[in-house]
Amino acid sequence: MTAIETVVDRSVTEALETMMLIRTFEEKSAALRAANLSPNMCTSVGQEASAAGVIKNLREDDLILTNHRSAGHLLARGAEPGRIFAEIMGKSTGYCKGKSGSLHISVKELGVVLTSTIVGGELSLAPGVGLSLSMSKSDAIAVVFFGDGAATEGIFHESLNLAAVWNLPVLYVCENNQWQAYVHRKETMLADHVSEFARAYGVPSKTVDGNDVEVVLDAARNAVDYVRTMRKPYLLETYTYRVRGHMEPDDQAYVDKEELASWKRRDPISLIQSRLQRDGELTQDEIDVMWQRVQQRVEDAAQFALDSPYPGFDEMTTDVYA
Amino acid sequence: MRTITADEAITEALVEEMRRDSRVIAFGEGTATKGYKLVEEFGAARVRNTPLAEGIIAGTAAGAAATGLRPVIDLLFAPFLTFAMDEIVNSAGKLRFLSGGQFSFPLVTVARTGGGWAVGAQHNHNNESWFVSSPGLKVVMPSTPADFKGLLKSAIRDENPVVFFADIGLLFVPGEVPDGDHVVPIGKADVKREGSDITLISYAKTVQKCLEAANVLQENGVSAEVIDLRSLKPLDEATLLASVQKTGRAIVVHEAAGPCGVGAEVAAIIAEKAFGALKAPVVRLTGPDAPAAASFPLEAAYAPQADAIVAAATRSLSRA
Amino acid sequence: MTAIETVVDRSVTEALETMMLIRTFEEKSAALRAANLSPNMCTSVGQEASAAGVIKNLREDDLILTNHRSAGHLLARGAEPGRIFAEIMGKSTGYCKGKSGSLHISVKELGVVLTSTIVGGELSLAPGVGLSLSMSKSDAIAVVFFGDGAATEGIFHESLNLAAVWNLPVLYVCENNQWQAYVHRKETMLADHVSEFARAYGVPSKTVDGNDVEVVLDAARNAVDYVRTMRKPYLLETYTYRVRGHMEPDDQAYVDKEELASWKRRDPISLIQSRLQRDGELTQDEIDVMWQRVQQRVEDAAQFALDSPYPGFDEMTTDVYA
Amino acid sequence: MRTITADEAITEALVEEMRRDSRVIAFGEGTATKGYKLVEEFGAARVRNTPLAEGIIAGTAAGAAATGLRPVIDLLFAPFLTFAMDEIVNSAGKLRFLSGGQFSFPLVTVARTGGGWAVGAQHNHNNESWFVSSPGLKVVMPSTPADFKGLLKSAIRDENPVVFFADIGLLFVPGEVPDGDHVVPIGKADVKREGSDITLISYAKTVQKCLEAANVLQENGVSAEVIDLRSLKPLDEATLLASVQKTGRAIVVHEAAGPCGVGAEVAAIIAEKAFGALKAPVVRLTGPDAPAAASFPLEAAYAPQADAIVAAATRSLSRA
């Protein structure tokens, strides 16, 4: 079987390495931006457990939709970091030939079928992907990642309602990272959990600690099983925190220092790293090797992207119509 | 040949394409209620009522189109498209390009518009130019039952998102439709009447007004060519320009308001590309730049009438 | 005090006469349509208790938003039936000079400030009216009437959420009449009550028998009091039934005959009429007089509208810009 | 005179108008975060963060405007307006008319657009023509910090809904702004440079390209007049036509794609109303009819450049 199917065995160690890869990638990405080698983009630092934990539960034929904060999802799905960097930089070797940039990257070969940077766009498209699957013979499912901010767009409710009424196999994963660009979630909704909205639609839901990858792996396994077997939607909320700013560069002047510090103390990578060490599953040496491996990969990837050419000007008008 | 209404032509086209291609599905607010016969033939999975939510109807169509289905959605009235602009414009129109060509969005959005029902500007707003101006979309707006059928069939077969506008005033007017698999290509205007002195360019309900005007002009010894655009995007520039090269005069007529309308685009194309042939300015006759009133006489007067077309043509012809 | 304030004493008998007026008006309206004397329009037959019961609890300075099915709300608020007929017919004596027609009638002098026939339009506008009131010194409130169908538009959720987060004095009245044009509500949502959606927003809500005007009067009094004193939104759902078709003319071929019949047995006017008779509050004679009064009013009104002129063609382009 | 950026000019205009009129309020996604100084001065009731929901932001503005407030809303980027079309077009634009003039909608919608940020077509889409084509709205799109300030002040004072487009590429370019209550009327174009041989008509970032082209043309002995439209609705027809009457040649330049764009409207007006004066066809130079790529060099090439304007002008002048 393929790379992705192997990943599905859900080893926590593998999830950890995915998280390390995401972290390293995102920090490199921010550094490239700071050095003016890359345009503005959004990182998912602090949220790695959600991407790794959910996506490791998916099958190769499951389909993914995501949003502006997608690098973690793409990497967890097995995307080449070099081609993501290249896409962010607008290079021709990017997954979308540099046309997307960081905000709408889709990768057909990996089943990352649709990405929209319109907040809520991914939610508007998800039932249609679920519909295609529900009308096919397959038992594959669609998974849509979205933020707590997207949950305040009306389309969230239209999407959830339609998926419920039509029994569509869509797993809704809300990465509630407490921020909606420069506005704290608390300013935008009275409930603490986006999952609370699901009940009235008749959609089962659960909020879990999004910083504990073992918890996410577990909850996502159950959620995926439910959607796959019941052919109905489910909403999983990974409660987490956006550790860096909304979009690089960002001085985070508007961020409550204590809240940030308290979430940093619950860093998802440190958390699982030390747990695995404590339980004797990993030694410091093994951990160091893992970090080195991902660092090397990310450095090579960045170099690949930096060395890649921009698309030709003819690309301005290709791919508009089929 | 049979005589049916445009409304019937829409259903015929849909039924035939659903028989032809099992990927074609139809949904919208009341689609299954109105199309209960389609439900009987094609099953409840392929013909669906939806909740009352245009955004998710269009978004679902886009998501389904990207992953193998060919949805035809009914968004009822053009002003309701305001709730589906992200899905039609930002998703269906742009995501093919933004994905570097990885995905296509073969979907058709049907919406009614124009005067005919006396229910006011939140049901009657000729906003077709929004979609003409948006990349990645095609836009059609037929004037005869035959074109309703033939263009809808082409739209369903097209690999791109097509917005199909149905002029309310034409829906229940009967007309002849050829038997069999009647397909009208998108992007091809129809020369409804040949003429040599002036070109009247229009689409939807005002095509008929142009034909009426051409009859009157004929009586006055003026030979007017009448062109029905049918396809607003892509526009059939070749047919337009050939006609104006011949006549040297053009009047563009539509119910939609003037500013940045299809008439502006047509006038600008002619003024640029047939400049040498023009003997008089290209004139636009459009609805007023105002919401459409519900009041029936006001609604009926909104679209340009034959007498105004005759007058404009006569003015044009009076210029050297 | 004014006419409206008098009404606020909430006499059930007055509410009954309002309901009779609405019923008579709507049936006349349908008859005019059938006779091709009027364009298509939507009646509220069967739903009269909701309009009468809610609006009798309002003060003159409270503001109302409504939708395509508004004649009942307008009449309960004291609008002239003749000017409503005229507006429906597109005559110059209509409240909006015939420009609106039946679907977007607003009446500034009665505080009916905004009406949109875009389903959900009224909901999008309501928080702004609440905001104006909340920033004024007054303790007036905004009341927005909308259907169960409007509750499936995303804007419903955006509206409720904003009103909750901003503490806006808006009373949301959902007239759940089981139909959304030609689609039954059961096809569009899994929950039976729209009020269930309100909880997650932190908005108190209640579903009441919308065919019993005494129940509505009572529930609306509490709801209005809550919004007025707390300066926060509340959702009141009047559970009722659309007895005629969606829009005149309508053969109702798609309607379940038994469901329709069972609701007809609970006709809101018969219900309260016989209760008042049974309790000795009204005699048959008094009831007959009431019916005669409203019938005369409606006949005169229709005649007024029929006799009124259409607006001049210059009105096509006036009132576009201020 | 002070030198400030367009972004600063926007804030200045807002602050001054909020001081002037207590009915003016501002809200949007991050408005209070970004405008924390405004919160200090005007209080949290008048400067608000909103939930992430463009539809209700715009709808709330319309509802508030109809009942006595004067909201200024920030919808961030033009493609996000797709979520607010009903509220802007069907409500703010049409309900004054549909109410028979009972209500007015004095509100301003600010949105950024155009190339400059390399983030692709879901942030960068020059869809201003949608609003120009919709009744009841006004539309402005300035090119200098002074006009950003002066037009925003006029927009806030206007009794009608105004859509204010801010070209991202211009936001952080500094420029001189007159001291005091600097107000620029809506509906008045600005002749940036007088000339006699050809008229270059533009708005937003391409005004600068026209000025650059005019310099090059000057060196070639051609005197180009450059007009900055500033106000896209209403259009200042008088200024346009006077110029073309004088020069006999016109080129319309903008970043937005061509079909049914503002350039089409301008070209159609000139071709109709200055027909007799035209010595060459009115040419449009626009962005391609394609979504804007994120890739920086492609994005930068999207808007017409000075050399293309010079070439088009030279071609125009070569016609008799």
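Just so it is clear, A, B, C and D label the chains in written order, and each chain counts residues from 1 on its own.
Operating definition for what follows: a contact is a pair of C-beta atoms (placed from the backbone, for glycine too) under 8 Å apart; a residue touches a chain by one contact, two chains touch by 3 or more.
Here the structure is a predicted model, which is why all the values come from computation and not from measurement.
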Note to self: Centre to centre, using CA atoms, which chain is the farthest one from chain C?
What the structure shows: A
Note to self: I'd like the Å distance between the centres of chain C and chain D, where a centre is the mean of that chain's Cα atoms.
What the structure shows: 41
Next item on the list: Round to the nearest whole Å and give the separation of the Cα centres of chain A and chain D.
Entry: 36
Margin query: Could you pull out the residues of chain D that touch at least 2 other chains?
Written below: 50-51, 53, 55-56, 79, 82-83, 86, 90, 97-98, 120, 122, 135-136, 289-291, 293-294
Notebook entry, point to check: Where in chain C do residues touch two or more other chains at once?
Noted result: 98-100, 104, 116, 118, 120-121, 152-155, 158, 161, 165, 187-189, 320
Next item on the list: Examine which chains touch each other and state the graph shape they make (line, ring, star, complete, other).
Entry: complete
Check: Which part of chain D faces chain B closely enough to touch in the complex?
Finding: 79, 81-83, 85-86, 89-90, 93-94, 97-98, 120-122, 125, 127, 129-130, 132-136, 233, 235, 256-265, 267-268, 270-273, 275, 278, 280-284, 289-291, 293-294
Next item on the list: Please give the residue numbers of chain B that touch chain C in the complex, ascending.
Entry: 29-30, 33-34, 49-56, 79-80, 82-83, 117-120, 122-123, 288-291, 293-299, 301-302
Next item on the list: Quick one: which bits of chain D touch chain C in the complex? Just the residue numbers, please.
Entry: 25, 45-46, 48, 50-51, 53, 55-56, 58-69, 71, 86-87, 90-91, 95-104, 106, 135-136, 159-160
Notebook entry, point to check: How about chain A: which of its residues touch chain D in the complex?
Noted result: 39-40, 90-91, 98-104, 116-121, 149-150, 152-155, 180-183, 187-189, 254, 310-311, 313, 315-317, 320
Note to self: Give the list of chain A residues in touch with chain C in this complex.
What the structure shows: 152-158, 161, 164-165, 187-191, 196-197, 199-202
